[in-house]
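The same chain A turns up in both complexes below, where it pairs with chain B and then with chain C.
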Partner chain A sequence: MHSTGYCQALEKAAEIEVPARARFIRTIILELERIHSHLLWLGIAGHIIGFDTVLMQTWRIREPVMWLAEQITGNRKLYGMNIVGGVRRDIPEALHPKILEVMDQVEKETKAVLEAVVNDSTIRMRLEGVGKVPNSEAIAHSILGPSARGSGVAIDIRADHPYAAYAETGVNVIVETGEDIWARTVVRIKETLESVRIIRDALAMMPKGPIQAVIDKPIPPGRVGCSSVEAPRGETHHFVITSEEPRPYRWKARAPTFQNLQVVPLAILNETIADVPITVGSFDPCFSCTERVEAVDVRSGQVRVYRKKELEELSRAFTRRGR
Partner chain B sequence: MSQNVLLGVINVLLVLLLSPLLEGTIRKLKAFVHSRVGPPLYQPYLDLLKLLGKEEVECEGNALYRWSPVVAFAAVLGVALLTPMGLAPPLDSAGEVIVFVYLITLSGVAVMASGIGSGSPYGVVGSGREMMLILTVEPILAIALIAVAVKAGSMKLSDIVAYQLSHPYSLSMLLVTFSLFLAVLAQLAKLPFDIVEAETEIMEGPFVEQSGPRLALFKWSFYAKELIFASLLVTIFFPWPRIGTPALAILVNLVKVAIMLLLVGVIDSVNPRLRIDQAIRFYGALIFVAFAGLAFAIVGS
Partner chain C sequence: MFKGKIQEALICFAHPRVTLKYPFEPLEPPEGFRGRIAVEVERCIGCGGCANVCPSRLIRFYDEGDRTRMEFILDRCTYCGRCADVCPENAVTMTKEFETATDDLRDLYIVQELYMGTCNRCGRCFETENWIDKIPTRRHREGARFLGPATPHTEPIQEVRR
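This part shows the complex of A and B:
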């Protein structure tokens, strides 16, 4: 997902045309990632509210997706599939039936999970009306991805600014208006089903042809490229300035978690301790994506912000002490 | 007298030696529901042995924190002496249902004391939850047992069992069994009432600072409570058939206990954790069911 963002930014900067087949393959990989990420989140949400059966079952459903990713890319995670100008590996015809088979299985079992979760009154007791983010606040705080779509904000980079092959496959943006954790949960489960639909369509529509663009001249320096990708957690932006050396002069990635976390204080306002973990969890936070930590001394009220470099040094010192 | 001592030894040994096996069975069942292989049946024994052999990592806690595991364990063993497990309850003359309720409450209070004594914020929150749960669940337990006592015309557990054996089921007993079973879920800290420990919220709450042998005592007392409460439920409410041979009676009781605990295990694996206020509202409604049971018992139906 990040590699797609980076490659697209560079391709825009250098005006490289990506072959159609490569764009479809990127779409399939991106959606596979979304399926596994949403199922992973659902399991963890279940675990947070003490429902380990949900955790175990969703991760069981997720396992064939990981297997499929390994069949296509060679890796279960961190696929290493993208290169500037295309993708590294083709999806051979022989794999198509396998992909469709796994998609059928995932669809069937995710539907079963959706039905079980919707009909479980105890789950709804825990999730409905909790962790509210009103529509106006969601817009004011610019929260992203499923967290925003659960508050009735219909934003999705895939539909708003199509990239890869999303213009061809189309994307039905899933929006729920509940504004609570339950709405975010339903958005993610329904998006999983939508991803299955996209993969099926992309596989059927995929044209024949090369999977890499021919890049015969060096990338010109000083060009600026910016690209946005809809990650499972929300939109992710990559910004690149090219240089004379074969590496970027500047590169900045912005992941959605830091943005989404801004609304947490509001969502947990006046809630009990029991609701805090699931409320924070409902934004699917990736804390390693936020690259800074704020430490507050409760007695003096002093705030100290640790930035990425200091955090790195601290963790190195900690590891050394551990040995 | 000597017969009572023998019965007491049998009960305590049953509780100490077999309760981890029953816990292992519950874990196996949960694993089955989860589509997992699950740990071996004897895993709880290994857990206890491991914890008993470990060093104790002390926190700044006071005597409450240090002695609460012993109190909890002793209270549960005391309850074991009062509970009929296939045979007559060993301490029948001393122990009536009132003592039973007191001792069970004592084990809950020990859990509370452990959290408060440790001084850990997680522990204190867990203790607060335990207190609220005790205040709502113990009355149900007491009302249910008193309803049975009213029915049998005696506070002694042996008389109650004898009465139940010779009388068919009635409306009051149905209501009482129902409310007692649900109260037991909270007593055993099973989902959806696993609120005191709530691992993902307050990191095991009152037990957060307990380690080594002291944690083992707490865990053992919880395993023991499973066997005790299941025994109480089945011997009071499903005492049939009357069995003469002692060994067979114990065995049949264990089978019934295992079935009861499997039911608890199924409920445990198909529910998320409730919030404390939701649980209290639930038990607040349940207490009326228990009262209805008591009322029907008094008017004799």
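This part shows the complex of A and C:
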């Protein structure tokens, strides 16, 4: 996800044309990531509301997707698939039946879970009408991803500004108008099915050809590149300035969680304490993406700014602590 | 009202047990799995390509007179496998070993020293172009003395950093 964003930003900065096959492989990997992320979220949501059957069953459905990713890329989670100018590994013809088989299985089982969850009155009583984010507030706070789509805001980078091979496969943006946690849940389950559809189409449409662009000259310094990717949680933006070194001069990634969490105080207003965990959880927060630090001297109230060198030394001391 | 409950029960009954007996039965990762990196010193030419591409900069090369000192601090490794991709001599390879959990970080720390030719002008290390040039280098002499033929020209140093 982030590696795609970074590579796309750098490719835009250096004006590198990515081969079509590489774009399709990127799409397949991105959608595999979305499937497993949404199923993971569904399990955790079930766990938060104390319904561990959902956790066990969705994670069971998710596991073949992880094994498939391990076979395609060489790792369950840190795929390491992207490289500037393309992808590192091809998806061989021999793996196509296996991918389709796993997709059929995921589709069948996700549909069964969706049906069971929709008919389950306990889950609906727990999630319907709770953690409401009205459409106007969702737009005002500019929340992103499935959280926004559950409030009836039809935004999706894949459809609005297509990247990779989404222009070819097309994306049906799934929008629910319930504005509550239940709507966000249904958006995520339906998006899983949509991802299965996209992977099937991408596999069928995948052209033959090289998987890496030929980069024969060094990337010029001082160029600026920016790209947006639809992560499972929402939009991710990457901004890169190139330098003479083989590393970027400046790189900034913006993940969607910080943005989405701004609406939480509104969503938990007048709710019971028991509903707070699932309301926060319904935005699929990634708390490590949310960490911000400000060093304030308590006595004088002065804010201290750390220089790059000081931060480097701090982090080195942190790394060395175990040795 | 109970329709959903019955459907959930059916899903559960249809899949009795899927967990593996993993710690008791060995688990074989699939082909192409990227596990812990292995470094074969005999093949290394000290070019430093792996150190240059490593995203987390865990591979460091130090130029120390007639030898190059290489440090691999594997606890920072993200298993991307770029070092294995760029290595021209295939000295760095990805093994299938994934059980790298340890209670001592020194287990994940590799130090190697490689004797190389020294430039008469700037004093920096370089890899000689042919075997005849290699003869006056210390790598060749040490290799000939301790390791027999000149081909295995290196010696991993059992050193632990404090």
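In this text, the second predicted complex is superposed on the first by the 292 of 323 C-alpha atoms of A that agree within 3 Å, B and C clash if a C-alpha of one lies under 4 Å from a C-alpha of the other, contacts with A are read in each partner's own complex, and residues count from 1 in each chain.
We take it that contacts are C-beta pairs under 8 Å (C-beta built on N, C-alpha and C of every residue); 3 or more make two chains touch, one makes a residue touch a chain.
These numbers come from a predicted model, not from an experiment.
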item	value
Which superposed partner A:L78 touches (first chain B, second chain C, both, neither)	second
Chain A: partner with more touched residues, chain B or chain C	C
Contacts of A:I123 with chain B and chain C, given as first, second, both or neither	both
Which of chain B and chain C A:Q57 touches, first, second, both or neither	both
Chain B versus chain C as contact partner of A:T319, first or second or both or neither	second
Chain B versus chain C as contact partner of A:H47, first or second or both or neither	first
Which superposed partner A:E70 touches (first chain B, second chain C, both, neither)	second
Touched partner set for A:I273, first chain B, second chain C, both or neither	first
Residues of chain A at both interfaces, chain B in one complex, chain C in the other	53, 56-57, 60, 120, 122-123
Complex contacts: residues of chain A adjacent to chain C	53, 56-57, 60, 63, 67, 70-71, 74-75, 78, 80, 88-89, 109, 112-113, 115-123, 246, 319, 322-323
Complex interface listing, chain A residues touching chain B	46-57, 60, 120, 122-123, 125-126, 272-277
Touching residues on chain C, where the partner in the complex is chain A	1, 3-5, 7-8, 11-12, 15, 18, 29-34, 52, 75-76, 78-82, 85, 94, 105-106, 109, 161-162
For the chain B and chain A complex, residues of the former touching the latter	30, 33-36, 125, 191-192, 194-195, 198-202, 269-278
